[in-house]
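Okay, so chain A shows up in both of these, paired with chain B first and chain C after.
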Partner chain A sequence: MIQPQTRLNVADNSGARELMCIRIIGTSNRRYAHIGDVIVAVIKEAIPNSPLEKSEVIRAVIVRTCKELKRNNGMKIRYDDNAAVVIDQEGNPKGTRIFGAIARELRQLNFTKIVSLAPEVL
Partner chain B sequence: RVFSSFNVRAFLQNAEDVDEVFDDLFNKYGKVVFRRNEQRPSIAEVDDDAETLSFAVAVAKVASDVKAGDIKVLFVKPLVYWTRFFIIATAFSRPQIDAIASRIRDLGEKQYGKVPSGDTKPNSWTLLDFGDVVVHIFLPEQRDYYNLEEFYGNAKSIDLPFENQPPPFRG
Partner chain C sequence: MRSLIGALVRRQTLGSSSVTARLQSSGRVGASFANCGNENHRFCSSASNCPRCSKNHFLRAFHHFPSGSPRPSTSELKSGSLAKFGGSGISSSLNLSPWSVLGTSFPSRGISTAGSSDAPTSQDSSIPFDDVPPRIKFKRMDKTARNIMQILNREAVEEVRTQREVPDIRPGYIVQLKVEVPENKRRLSTVKGIVIARRNAGINTTFRIRRQVAGVGVESLFMLYSPNIKEVKILDKKKVRRAKLYYLREKMNALSK
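Here is the complex of A and B:
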């Protein structure tokens, strides 16, 4: 359940460390974003000497939430933090490697690129 | 082999006895190393997916017809569970990506009845997801940038029956 002002970790090596959600992309006036939603975020903290800088506005896909993700077979997946992967306008991830386990729902939402870079798919 | 239950902790407290215990076990049972019953050579697994393999090779052939560079078919089933084959190809311009993607889509629909999900508009990294087979079409810079072959370096590469052109030198 990510909403504007939520701080998220960054799950890739794009150069950003922490993002703050500004807006949820999709239907207008949407309250919360979940795993697989695209958000507009501002970089609050970045690694020095990286292509991304602090206070840059970028798009990101949410890949981990503390709110559990429910599946039709009754399984629930709950992570320990909120994290996102930085993405560009075309939908390609900006980093080259993803960290942490990724839920397979991202594949159905057309983020197979992130899934193919993930070390583990749950 | 059947293991009789030992109270291991009690034995480990007497360090001198441990070696004797283990030696006794070795003498009784021989050197038993756990072996997974289903261990097969990695090549055997490919035969299970003969249909998917033929589809993957057909897609690679279509890509080479359109002069895609450096086509690789990787057998990733032992590494990831969500797919069987990766096909990685390089295209040198966006119209070429479009051409490769539309030909692969037509091949999938007409001959195998599979509709891909993935990118509809050509992208510098275009992905077509056919379920068991995932096709990655890169522009040359993106291929180096993401370096999927290194990430899946443990995957077995499938030899393609046709001549694979190396990416031509573009000055």
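Here is the complex of A and C:
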């Protein structure tokens, strides 16, 4: 349940460390974003000497939330933190490595590159 | 669920119609079951409960059921027991279930104990009337309908338990599961972690497993009786003094003693 002003960790090596959500892409007036939703975020903290800088507005896809993700077979998955992966306009990740586990639902949402780079797909 | 209630109602009406048909064909009952044994209620219908005297008309009909008349073979066993009751004059507080009359073959949901045992068939018509028959209890259908969900739940759980061995999982156990994922058809994924909660809800019994995956803590909730869980292995049992171990979310290595 990510909403504007939510701080998220960054789960890749694109150069950003922490993002703050500004807006949720999709239907208008959408309250919360979950795993698999694209958000507009501003970089609050970045690694020095990286292509991304602080206070840069970028897009990201949410990959982990503290709110549980429900599956049709009754299974629920809940992570310990909120995290996102920085992407470009087409949906390709800007970084080259992904850290942490990724939920299987991202594959159905056409983020196949992220899923293939993930160390563990839950 | 609605279809089950419809089936219950249908079976009740079926039972009543077949009972009255059989009794009428035996020829000895006649008008004796047209009244409910009370002079004031001459006009009660035979196939339903009389609203005034609030007695179930099935009982009255069976009181007059002749013991020596030929019985149809399907309900032979039930009719034998009913004849015994007619002879020993048991009071009308005994409610006979219409399902038992039909001699149905579907699994008895605890409706009567006559269907499950073989004893009544062996003592079919050779018992003298002063011999006490084994007590056969019949459950009232309206009372059964109240806890039908409980009965269905229990049945579903037993069905899964007979197919698959489901061990006892409690909070504090370190377990390893083999879960089948529909997308990953070729292999089973293993999930290893500590059980931090268990919620008992019949067939929807769930348990939560907490584990570290690639540096991130992940909690997963599984259904205990899910067919996707292929194997559960208990690796270790930690001593915990709580049913829900949610305090582990803040702590690292709290239980590694």
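In the analysis below, the second predicted complex is superposed on the first by the 122 of 122 C-alpha atoms of A that agree within 3 Å, B and C clash if a C-alpha of one lies under 4 Å from a C-alpha of the other, contacts with A are read in each partner's own complex, and residues count from 1 in each chain.
Following the convention adopted for this analysis, a contact is a pair of C-beta atoms (placed from the backbone, for glycine too) under 8 Å apart; a residue touches a chain by one contact, two chains touch by 3 or more.
It should be emphasised that the depicted structure is a prediction, and the values quoted were computed from it without experimental measurement.
A.B. asks: Since both structures carry chain A, what do chain B and chain C do when superposed there: clash or fit?
C.D. replies: Result for chain B and chain C: fit.
A.B. asks: Counting only touches as set out at the top, which of chain B and chain C does A:M1 meet: first, second, both, neither?
C.D. replies: neither
A.B. asks: Looking at A:I22, would you say it contacts chain B, chain C, both, or neither? Reply first, second, both or neither.
C.D. replies: Neither chain B nor chain C is touched by A:I22.
A.B. asks: Could you say whether A:S116 touches chain B, chain C, both of them, or neither, answering first, second, both or neither?
C.D. replies: Only chain B; A:S116 stays clear of chain C.
A.B. asks: Based on the superposed arrangement, let me know which partner A:E68 touches: chain B (first), chain C (second), both, or neither?
C.D. replies: second
A.B. asks: Which partner does A:R78 reach: the first (chain B), the second (chain C), both, or neither?
C.D. replies: Only chain C; A:R78 stays clear of chain B.
A.B. asks: Check the residue A:T96 against both partner chains and state whether it touches chain B (first), chain C (second), both, or neither.
C.D. replies: first
A.B. asks: Report the partner of chain A that touches more of its residues: chain B or chain C.
C.D. replies: It is C that touches the greater number of chain A residues.
A.B. asks: Report for A:V57: first if it touches chain B alone, second if chain C alone, otherwise both or neither.
C.D. replies: A:V57 contacts neither chain B nor chain C.
A.B. asks: After superposition on the shared chain, which partner residues are touched by A:R104: those of chain B (first), chain C (second), both, or neither?
C.D. replies: both
A.B. asks: What angle, in steps of 10 degrees, lies at chain A between chain B and chain C when each chain is taken as its C-alpha centre?
C.D. replies: 80
A.B. asks: Rounded to whole Å, what minimum CA distance do you find between chain B and chain C in the overlaid structures?
C.D. replies: For chain B and chain C in the superposition, the minimum C-alpha gap reads 5 Å.
A.B. asks: Common interface residues of chain A with chain B and chain C?
C.D. replies: Shared contact residues on chain A: 104, 107.
A.B. asks: Give the list of chain A residues in touch with chain C in this complex.
C.D. replies: For chain A paired with chain C, touching residues are 64, 68, 73-81, 83, 99-101, 104, 107, 119-120, 122.
A.B. asks: Going by the contact rule set out above, which residues of chain C touch chain A in the complex?
C.D. replies: 181-183, 204, 206, 213-223, 226, 228, 249
A.B. asks: For a test of understanding, state which residues of chain B touch chain A in their complex under the given definition.
C.D. replies: Listed in rising order, the residues of chain B that touch chain A are 80-82, 86, 117-119, 123-125, 127, 129, 134, 136, 142, 145-148, 151.
A.B. asks: Enumerate the contact residues on chain A facing chain B in the complex.
C.D. replies: 90-92, 96-97, 104, 107-108, 110, 112-113, 115-117, 121
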